[in-house]
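Okay, so chain A shows up in both of these, paired with chain B first and chain C after.
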Partner chain A sequence: MSGTGFILIILTSFFFTGILIRTKSIFSGRKGPGIFQPMKDIWRLFHKENVYSQTSSFIFKIAPDIYFASILIAIMMIPFGNQKGIFSFNGDFVFFAYLLAAGKFFSIISALDTGSSFEGMGASREALYSFLAEPAFFLLMGSLALLTGYTSFSDIFSSISFDSYISIAIGTLASFVLVLISMIENSRMPVDDPKTHLELTMVHEVMILDNSGFDLGLILYATNLKFAMYGAIIANLFLTPGKELYYSVPIFIGAQTLFAVIVGASESFIARFRMSHNPQFIITIGSVSLLIFFAVLLMLGKYI
Partner chain B sequence: MTNILLITFAISLIYMGIANRLSTYINILALQGIILFGVSFIELIQINTLNLIFILFETIFFKTLAIPLFLNYIIKKNSITREAEPYLPDFISVVIITAIILGSFILSNIVSGIFIRKMFFLAALAAVFSGLFIIITRKKIVTHIMGYLVIENGVFILSLSAANKMPILVNLGITLDIFVSVLVLGVFVNRIGNTFEEMSVDNLNNLKD
Partner chain C sequence: MSLSLFIILITLLFSLLMFFIKESWAGTIALGSVLINTAISSWVAANAVLGHSFEEIINTGVVFGDIPIRVDALSGWFILMMNFTVLTGILYGRRYMKHYENKSGMLSLHFASYIINHISMIGIFMVQNSLAFLYVWEIMALSSFIMVIFDYKNPETLKAGINFLIQSHVCILLLTLGFIWVSTQTGSYDFDAIRQYSVSVSPAISLSLYLVFFIGFAIKAGFVPFHTWLPYAHPVAPSHVSGVMSGVMLKLGIFGILRMLVVMNQNYLIIGYIVLIVSIISGVYGVMLAIVQHNLKKLLAYHSIENIGIIGIGIGIGAIGIGINNPYLAFAGFAGALLHTLNHSLFKSLLFYNSGTIYQTLHTLNIDSMGGLIKKMPHTALLFLISAMAICGLPPFNGFVSEFLIYVGLFEGVHSGSLSIITFFIITIAGLALIGGLALLCFTKAFGIIFLGQERSQFEHEIVEAEPSKLFPGYLVLVFIMAIGLFPQVFIRLLINPVNVFTAGLENASPSLAMITNIKSISLVAWAFIVAIASIWAIKHFVLRNKKDVIAPTWGCGYSAPNSKMQYTASSYVRSYRKLIGPILIMNKKEGDIKGVFSSPIFSHTHPYDKMESILIDYPLKILNKVMSRVRFIQNGNMRYYILYGVLFVIIIVLVSLLSGMATYVFNLLKQ
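And now, the complex of A and B:
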């Protein structure tokens, strides 16, 4: 039974980006593609051959696989309600964060491996943004761990409860911060525009310019999986433990759909920031997480 | 509930650090007025009714409506450009305001009083120092007044924390508010924006006897 969350996240990843793109197209007055269109594109890419540059080394060949694998392993750690993930241990959210960082490291060095100046620029930006977003994630998970007194994902989410005003506020702020972190990590709108095709302003898209065929499909599918993964973390905040499966599965799917619609709507109404405004935006998320940490300290009465 | 409102207040301070336009500053000030209305309504429900009505009227009318609308009017009338024009990059502003909140958190733990609750002390101290920071890092006189309004909100929160015992403190805070209104009126009457091309402090250096 511990694989329920894993299977649900994989299922969600099939239509997550589709819902997002559909929301954007409805807001801009178009009919838009069907919600499985991104998966069809990825399926088409899976049938294509890889083309490798002569100047790139073996790093470029293995990096997409490692990136994909790191995200798949990270998903296995996400619990589902009161069920543990496929593997779970004390302090696994630290492992989770650094597993994602390892995958990102490989995608960065593969971008540097191609020797293209644009890709190096994109890699540098990606490294900067994820470096700035990391404190926010750790402050948030650390304060949730402090609130519940456990240090693994499944224990944290199964013992979190919203019974007072301030814990509801903490839950709301936590989901707000998680939505923003997921938008940064997946290179979505306020920080990076996936639709832009000007090399000077791209962040994530410029890093995968040289990838083609199966590798490109893996990277694109990894993005979908990452979105569904963050959506699952957010949904876990609302899956109060002890709910039966026929309650928690619709709540999970509903939370994921709502998350996709929120991301799509905010992308429709927000213009992307200037490059120089991105770091301050990400630092602001860190500051909000710090406030969550203070609120938890205040709630527990644990002062320095 | 009070704690949630005070956390929102602290978040509004961080937002003030990255705000670019004067209209955003004005919106944040109005939001802070609403938050102060909520806090004073929850905290002061026990004091006598006339005083309560006066304080609630002061927060909802002056802080939330009158001063923001009047600032808007001044900005339009004196044709002040809409950017805030800080001396520092916004990135550093956010880091410094976060450091201010961290510092006031630590300070509020060191200072322990019977009359003052820690969350109030944190929010008040953070607001006072952020207001001071906004005053020293922004060029325009209007933004100086906005920084002063933030300081004033901080003083109001601090007075609220002890208001059940000493309601006179809140009235002292309101006196500060009247002083701010005089300051805003001074900018309006002297029409600093029209006399000088730009309403920035640098022009005041040219003043001679």
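And now, the complex of A and C:
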């Protein structure tokens, strides 16, 4: 039953963005769309033909497929509680990170493929932010590997346990880092505002200005999947082993919903940073990861 | 006749032949020689990698004495790697050099030095006598110098070439120092003497001997801060030579570091730390500077420094693994380093061949004036794209496999070591992740600006794809890049013997099985990734089977007349990055101001410069120049003075010997 996690993440991805948007609309005093509206939009896009720029080449045509595939395979590596993901091996999170990077590589060059002045801007920012966020993720996984003594997603998550104050602190900090990384990776506030209407201030949205039809549907759905994927990693921190399915599934769904509500709430109350402040913010995440590392060292009694 | 003598004879014959035939045949003759030498040495090397070492002793009379030729699995691995790149290099080079036929008259000399360089490299990997080693090393340095300065009429080329020549001799100086040190103590030039000497002395002395060798080899390998020759020499050399230099010759330094590690099996832990620190700095610094380069080949040259850093990280982990007696760590580190050595030789040579093709088509290497090449040169674009992804370490290509091995080693080491190892490894993990992210930025820039978008400047000549014979060596390399990425377990198996050279002394040293099972999963997921891409592509085409793609102009946000000058350029793509790392860089910027209402054309030029070079090379040179200018009056150009110096020299020599004789006499008198 190693596919449970995969199926659950796919299911969550159907309503994740819906909940997020609904939260935002409630906070701003609107009724807002139903929670399945984003999926309906994507479904409609899947039936439309593609419009390609005359500047673009085959890179632009295959990039959405590769981007989507990279996220799909990455999801297959996420475990569910004590059940392994579909692919599980030592160091699978390294593959996870590099696979996402491969998808990102293509989304960046497909933006450059259109020869647009705006899309290059988005591509530049995306590449910059992702290289800044990369060390934070690896520092976090390194600390967790040190804490648990294992080097794969499923082993780490199934042996993590919160039985002391420091470990609770580590868990909190880890979820904090993961939430922030997922905000950067999904281009949400406070790094990027998906609802902005000025190309100059966009990051991810400006990269996909020229995508349309089926390709745009793929990219938008990939964003939903990515959210659900990070939500699943966070939920995994709290799915301690031994829990039966009728406990763990509600915990999983609950954690995902809570994550979506937190993202929606934070987007309602904070404004986007100035572009020049984003790197500082992202480097801060790296330092929080370092904090986790020191906490782990403290917990293991490696230094006094 | 012994094998080694046969190879030497073949090479001499072919290089002599080179000067008696038409210039247009020189490339083919060189290819013939490379093929024969490759076949012979690869056979020996392949056997060694599979576990049958080769050993013979050549007696050369009074000068060298007995020269032991030993090919163990480590040498074998390097010889196989080197042979492949030299072969694709000559396949590409003989087409590349067609361009210069009957123009310079240097073609025969160039190809002759190419094959002599090949055989000297084989020699470096095989010879285990320090005197003979220095000789083949010197032949290698000189022949590569001749290849670098092929375009000697260009002053920039000559300057870079001389820079290269001087720095390679600083390297040779250090190696000579190390070898003489040992031979004065032991009286033997055999590598075995180094082994015995390093065991017999105290660890501190053996460590300092190792460091002498390490710095010598680090200059060749291009570790920061010994890298300054590299970004000059690679861009000015013909592209196939750059490919071979970056792909293979830097690895001679890596080989030297590894060989000395085997020979002087002492102080593994401390050596591991030193190599690790130097490597992280090299890796991060190399890629940081690569990003801001506008010259394609210079960008690739800085990337070589980065990759040497990654290889060094592997060596450092492996050495620490032996130091703390952890076979799994040692295997992951050394296997990662050796595999990355091979991988780098593949994708880097391919990137240099591609840059050569681009250069011969556009006659420029400035990234900012390129653009939209993918439509006119689709094959070159595909080759460049895949090698760029491979060098970024992205799955499913080969670069990922070796980086993965190193990562696995690091994460494994994190929970099996002391506090200092944990801290070092965590820093290394963050550094390696940073390198990966920066490489992504660098190669999306390189590929995106060179091949995508619209043409950024007009060229008078027509831009056409290179002929198939020029693309063939590229596709040959591509096959291996894909093979290592998709079937890594095969290559890990081949690595068992080479790694065993280091780990043979460890207890229960059989971590390779666990590693191979793990690597098999990589292969599985890589295939899954490809299948996923293919099926999504198929689904898309099935859903849209009745709909036609619409072609429209790029969305200009309402502006109706966008032109190619409005595209993002390489400089603007990395601008925010450049601002971010400002303090580490030296950026020389020249800008023209807008004057008046109808301004004349304005410009903005940026020239990145290496801060480390300005501190470590330029500043000391300035001081040296100042000091030396005080004694410059000696060299006044007047012949009579020079004769006087000669006479003075003779007189001093005679006086010294006389006086020393007198001194001894007086001393003896006093003693009585």
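Convention: the second predicted complex is superposed on the first by the 302 of 304 C-alpha atoms of A that agree within 3 Å, B and C clash if a C-alpha of one lies under 4 Å from a C-alpha of the other, contacts with A are read in each partner's own complex, and residues count from 1 in each chain.
Assume contacts are C-beta pairs under 8 Å (C-beta built on N, C-alpha and C of every residue); 3 or more make two chains touch, one makes a residue touch a chain.
What you see is a predicted model; the values in this text were computed from it and never measured.
Looking at the shared chain after the overlay, A:V179 reaches neither chain B nor chain C.
Contacts of A:I251 after superposition: neither chain B nor chain C is touched. Look at A:Q54: by the touch rule set out above, it reaches chain C but stays clear of chain B. When the shared chain is aligned, no partner comes close enough to touch A:I10: not chain B, not chain C.
Shared-chain residue A:L298: touches chain B; no touch with chain C. In the superposition on chain A, A:Y165 makes contact with chain B only, while chain C stays out of contact range.
Once the two complexes are laid over each other on the shared chain, residue contacts for A:G286 go to chain B and to chain C alike.
More residues of chain A are in touch with C than with the other of chain B and chain C. Within the superposed three-chain model, A:F87 lies in touch with chain C and out of touch with chain B [touch as defined at top]. Chain A residues 276, 279, 286, 303 lie at the interface with chain B in one structure and with chain C in the other. Taken in their complex, chain C has these residues touching chain A: 371-372, 374-375, 385, 389, 392-395, 400, 403-404, 407-408, 410-412, 414-415, 419, 422, 425-426, 429-434, 436-438, 440-441, 443-445, 447-449, 452-454, 518, 521-522, 524-525, 528-529, 532-533, 536-537, 540, 543-544, 547-557, 562, 564, 566-568, 572-577, 579-580.
Listed in rising order, the residues of chain B touching chain A in the complex are 1, 3-4, 7, 10-11, 14-15, 17-18, 89-91, 93-95, 97-98, 101-102, 105-106, 109, 118-119, 122.
Note for the complex: chain A touches chain C at residues 46-59, 62, 65-66, 68-70, 72-73, 76-77, 87-92, 94-95, 97-99, 101-102, 104-105, 108-109, 112-121, 123-125, 127-128, 130-135, 137-139, 141-143, 145-146, 149, 151, 199, 209-210, 213-215, 218, 275-276, 279, 286, 293, 297, 302-303. Chain A meets chain B in the complex at residues 165-166, 169, 173, 276-277, 279-281, 283-284, 286-288, 290-291, 294-295, 298, 303-304.
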